[in-house]
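Alright, structures below, take your time with them.
Two complexes come next, and they have one chain in common, chain A, joined by chain B in the first and chain C in the second.
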Partner chain A sequence: MAEKKVRFVIERQDGPNDKPYIQEFDVDWRPSLNVVAALMEIQKNPVTVDGKRVPPVVWECNCLEKVCGACMMVINGKARQACCALIDELKQPIELKPARTFPVIRDLLIDRTRMFEALKKIQGWIELDGSFESKEAPIQNPYTAQTAYEISHCMTCGCCLEACPNVGPQSDFIGPAPTVQAYLFNLHPLGKFDAPKRLNALMEKGGITSCGNSQNCVEVCPKSIKLTTYLAQLNRDVNIQALKNIFDN
Partner chain B sequence: MFHTTFYVRRLHSLCGLFVLGMVLFEHIFTNSMAILGPEALNGALEMMELIPKPIFMGLEIGGIAIPLLFHAIYGIYIALQANNNPGRFGYLRNWNFALQRWTAWFLVAFLIWHVGYLRFYIKGVTGTPISWELLYNYFQNPLVVILYVLGMFAAIFHFCNGITTFCMTWGITKGPRSQNVISWISMGLCAVLCLITLTFMGSYIVR
Partner chain C sequence: MAKDMTKKKIIIVGGGISGLLATIKVCELGGEVDLFSYCPVKRSHSLCAQGGINACMDTKGEHDSIYEHFDDTVYGGDFLADQIAVKGMVEAAPKLIKMFDRMGVPFTRTAEGTLDLRNFGGQKNKRTCFAGSTTGQQILYALDEQVRRWEVKGAVKKYEFWEFVKIIKNKEGICRGIVAQSMNTMEIKAFKGDTVILATGGPGQVFGRCTASTICNGSAVSAVYQQGAEIANPEFIQIHPTAIPGSDKNRLMSEACRGEGGRVWVWRNNPETGERERWYFLEDMYPAYGNLVPRDVASRAIFKVCEHMKLGIDGEHRVYLDLSHIDGDYLKRKLGGILEMYSEFVGKDPREVPMEIFPSVHYSMGGIWVDRLHNTNIPGLMASGECDYQYHGANRLGANSLLSAAYSGTVSGPEAMKWAKSGNKGSELTDAEMEAARQEVQNEYDKILQMNGAENAHKLHHEMGDLMYKYVAIERDNNGLDAALVELKKLLKRWDNIGITDRGNVANQEAMFVRQLRNMILYAMAIAKSARMRDESRGAHAKIVLENGQRKMDKDGELVFMGRDDERFMKVTIVNYDEKTEEPVVSYRDFDHSLIKPRARNYAVAKKE
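Up next is the complex of A and B:
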């Protein structure tokens, strides 16, 4: 029985400062095959279509259920999670590239440190004043709890940064994901006390003013977070904060 | 903590929509007089000459030159921060984002030519007042007509798409529904203003 093959065209790179090159691999088709599973097959038998044995392709993955964000890469030109990219739904040959908005460490493995640094800038945490017995803890506002839950799904995968034309070496924009996290923490019953701090941080260079409203972020977000809606809300909040900064003193 | 970037960005937004928007509307309004005939346009141009010279100069410098230079120079800085990617992410808003920047580059070149030739050289150096007859002779060259129509289209699109993004930047339209409504209204305005432009530009050719 002739087995069906799936062709992968992978952009590889040996180290952070090395030149990228292309290698092609064939993987046996099987039902429900996804990109991560196919990369695992290549790892088992890293032989290119020309029959050359090469070092296995390096990539990152963890949860395999679109929750952790680690396996984000550019698949057929689109930034997305490899674990939920089903082969049968992709045009073949399948092109895999690293998300070059981030520094490439090796092959498809990228360095997401900039998102962590951005979360530090916008104070993406709650200054907890002690801990609470659950009955004593301040309650979430039931009217905004759904929104907070939605934004909390953000897994810092970086799809929105890869798609955003204003994120890259040419700009200092921290990107949609970390910006919108400021809104999540501003909604929190304790986090809201630091809202002015976060809004002032967003007014800095590379903050929310670097958003150019291309709205690619909301199109590519694998967790369907309404990023542009919350960016507009933050624009409102930041404008009000600016008026306070001017007139409160 | 003084957020220079924030205030300059917001000033860029206000200046583009209100000040340069006014300049664009003034141009469309006055030039559309050509549709009614040479006398109507010359009448409108003579009306403007009635404004006392110092006030007129003040308006030109304070209401056009300074806002335009600021919007253009800071705009170039903003445009350089974008890596336009509608080829990879071909969504409507992303195309508009790229077009906003491409029209901006075209307008920088077009306005240097337009202001440099008509305002500085013809009106300033040679001292010839702008009139229907002057424009009629100028527009005998089809290349000039094409570049002027493109320049107007670029300015109109840049302004109308600017209304949509202004509403997002200022947090006026938050959800996708209101953002889409504003987008359709401003694109409707874009179509109307482009048609008016075609009509008054066409009035020099089809007589």
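Up next is the complex of A and C:
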């Protein structure tokens, strides 16, 4: 009996300014096969279904455990992590495309610099006095710590930006993930001190007012971060801050 | 703005926990950092660490002490770790935790809001701080944030998606810079630095499949080894007992599963009654520590049960790791992320059915030789984190390596600044020397682009992995190790016959992989040779006695392992690269073990002080 094959239809592109084209590959099926493992098989034998030997498909991955965020791509129309996309749970043939909300470097490899830049904008850090021991670990409300832990799982994968209708060339919106990170730092006993700065940054162009509350982001987040809940909370905090700004002036 | 020429420039390769902490230290001391990484540093391998980080916080009323942590580490490492270095690390541990907490690492709290602690293998007290089941991710992120802050201030320039290829030495042989290549544009460039720190993590990919990320290839370490840096103790490779076997990667099931009460078992027929029963073999073999025996002990026991007793699930290389007897809500709170991962990658819920696991290559105790301040034998070149050999001896305790990665960064950073300011750096690199170094790398790369042979690099890599697992993993013997060396040399030959399909000039991952693969083969040879030369068993290195060329068995049919031989081998393995033969040359070096006297390591009974 012929071995069971899985067909991949991959949108490729040779460089940032080249035209996309489609190539198809077959990979031998096996239990628990995922999209990254299949791409690795293609690396070992980069031959298309037409028997053409081609350069292996280029993509980004590191952890293969859905924790580093690197391997995000559009699989059967949905932005998600490739390393945990089990073949048996996908409709075949399987379509792979780069997440075009971001500039494409080559094939499925994209440039997510904008997400890291946005973290600068929202001042995504604690203003530490220095990397030394200065006091006992602050007592923290265990429930607040749990919320912080949830948000702190964000792996900057960009699924939520790819899914958000308001992120794109038409707007400056920094996107759901970096916005919600501001909430994380505002929760911390020391991070709180700079909450006004972060909220003010979110009032600016590209900040939270660009969110149209369409809820797409929360549905795709592979880390199940309750993005819209925190966006709503932030929206309130930003409004309160705006009022404060008026009175303080 | 005119550039401040008096500022010291430190090149840091690697943005895992160690590289990032070193970066922060350098910035705080007024230096500037060029930070190189395969990936955005926020995606570095450190984020895979699930279980936790050890520090004597003693928040559980157990009277845990720093001395106890010290002793557990030295004992766990089978007395091959420099004791002065270990002492420094365990003393600093609680301070580091308090700092991480201020930085925003969301450590799991107790009901009172203080730091929670959990059990980990090889330690009787609760000593492991954790942030749910993603401790490494949370610590890495906090450091990434602090480094971003310094980036905004202009003290850090990141070179993400750049591969380190080589160091550049001046005519006095002192390291003064590096050559690196952009992984997107393929541009090759030389960079000057007053000091270079390598913090490039572990070499797991040398074994093909491992628990580490795809970027943990040891290529950087191998590159500097070929340029004269000494590698120490590379034969000590930790095999983690509990991973989900996979063709792309072996996914780790954290030791925390055992820490939270997970039990390891297989079906067997009771030797007395003949009845079919669940055999909790770790509890049976090691009553004092039970399921919490250290990793090497657990791995060998699982291997024995599957390979020699043929009791693996369905006769295969798998045993059960069972959590299904523990309250589901408790598990979700304590191990949520890990359990989710199992469901996600295997499709079954570990709260309901026992997980199926097998040992996997996990961590390298060995690495670049460094002194206690993390200087390598090449002046101007330093190393910290998993890529160095310090702190763990022959075996690392769980949750001690996030600690060593962090601690070593706090040492290497300031030391790099000290060298930059007052070291004997010799002559500046001239433009001609910089260009010559660049050109050499360019030539090597251009040659790879022309490779036209019959071999596929990824297939060769796979073969190397199989070969390393077969001969250089859990059970070693000198026949197998000799065979491994012969096979590795053949692989090195076959590397020359690789053919490449990608000759493009954008993100050419294939060409880069070909270059890495050669480095990996040379690293593998250093591991195999060191294992061959060390005729004893110690920590993760377990060697079977040969008799008349056969594996020796005792009268019960059990394999006979060599014992620990302190007289001959309580020494650090040093490996130098022989340029002519391309082979590793092994020698031994004494180290400081003045504080705790060696005693036999036996986890069948409680540790004796």
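The working rule: the second predicted complex is superposed on the first by the 244 of 249 C-alpha atoms of A that agree within 3 Å, B and C clash if a C-alpha of one lies under 4 Å from a C-alpha of the other, contacts with A are read in each partner's own complex, and residues count from 1 in each chain.
Following the convention adopted for this analysis, a residue touches a chain if its C-beta (ideal position, glycine included) is under 8 Å from a C-beta of that chain, and two chains touch if they have at least 3 such contacts.
Since the structure is predicted, the reported quantities are computational estimates derived from the model, not experimental observations.
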Clash or fit, chain B versus chain C on superposed chain A: fit
Which superposed partner A:A177 touches (first chain B, second chain C, both, neither): neither
Touched partner set for A:L86, first chain B, second chain C, both or neither: second
Which superposed partner A:C68 touches (first chain B, second chain C, both, neither): second
Which superposed partner A:N216 touches (first chain B, second chain C, both, neither): first
Chain B versus chain C as contact partner of A:T156, first or second or both or neither: second
Minimal inter-chain CA distance - chain C and chain B, angstrom: 20
Contact footprint of chain A on chain C as seen in their complex: 21, 24-25, 28, 38-40, 42-45, 47-48, 94-99, 101-104, 106-115, 131-132, 134, 137-138, 141-142, 145-146, 148-149, 151-152, 184, 213-215, 246-249, 251, 341, 344-347, 410, 456, 458-459, 462, 501-504, 506-507, 509-510
Residue ranges of chain B touching chain A (in the complex, touch as defined): 1, 3, 5-7, 9-10, 78, 80-85, 88-89, 91, 93-94, 96-98, 100, 164-165, 168-171, 173-176, 179
Residues of chain A that touch chain C when the two form their complex: 14-16, 30, 32-34, 36-37, 40, 43-46, 53-56, 58, 60-70, 83-84, 86, 88, 105-107, 109, 112, 116, 119-120, 124-128, 130-142, 145, 148-149, 152-153, 155-156, 184-185, 188, 190-191
Contacting residues of chain A [partner chain B, same complex]: 77-78, 163, 165-166, 168, 170-173, 200, 203-205, 207, 209-216, 219-220, 226, 228-229, 231-239, 242, 245
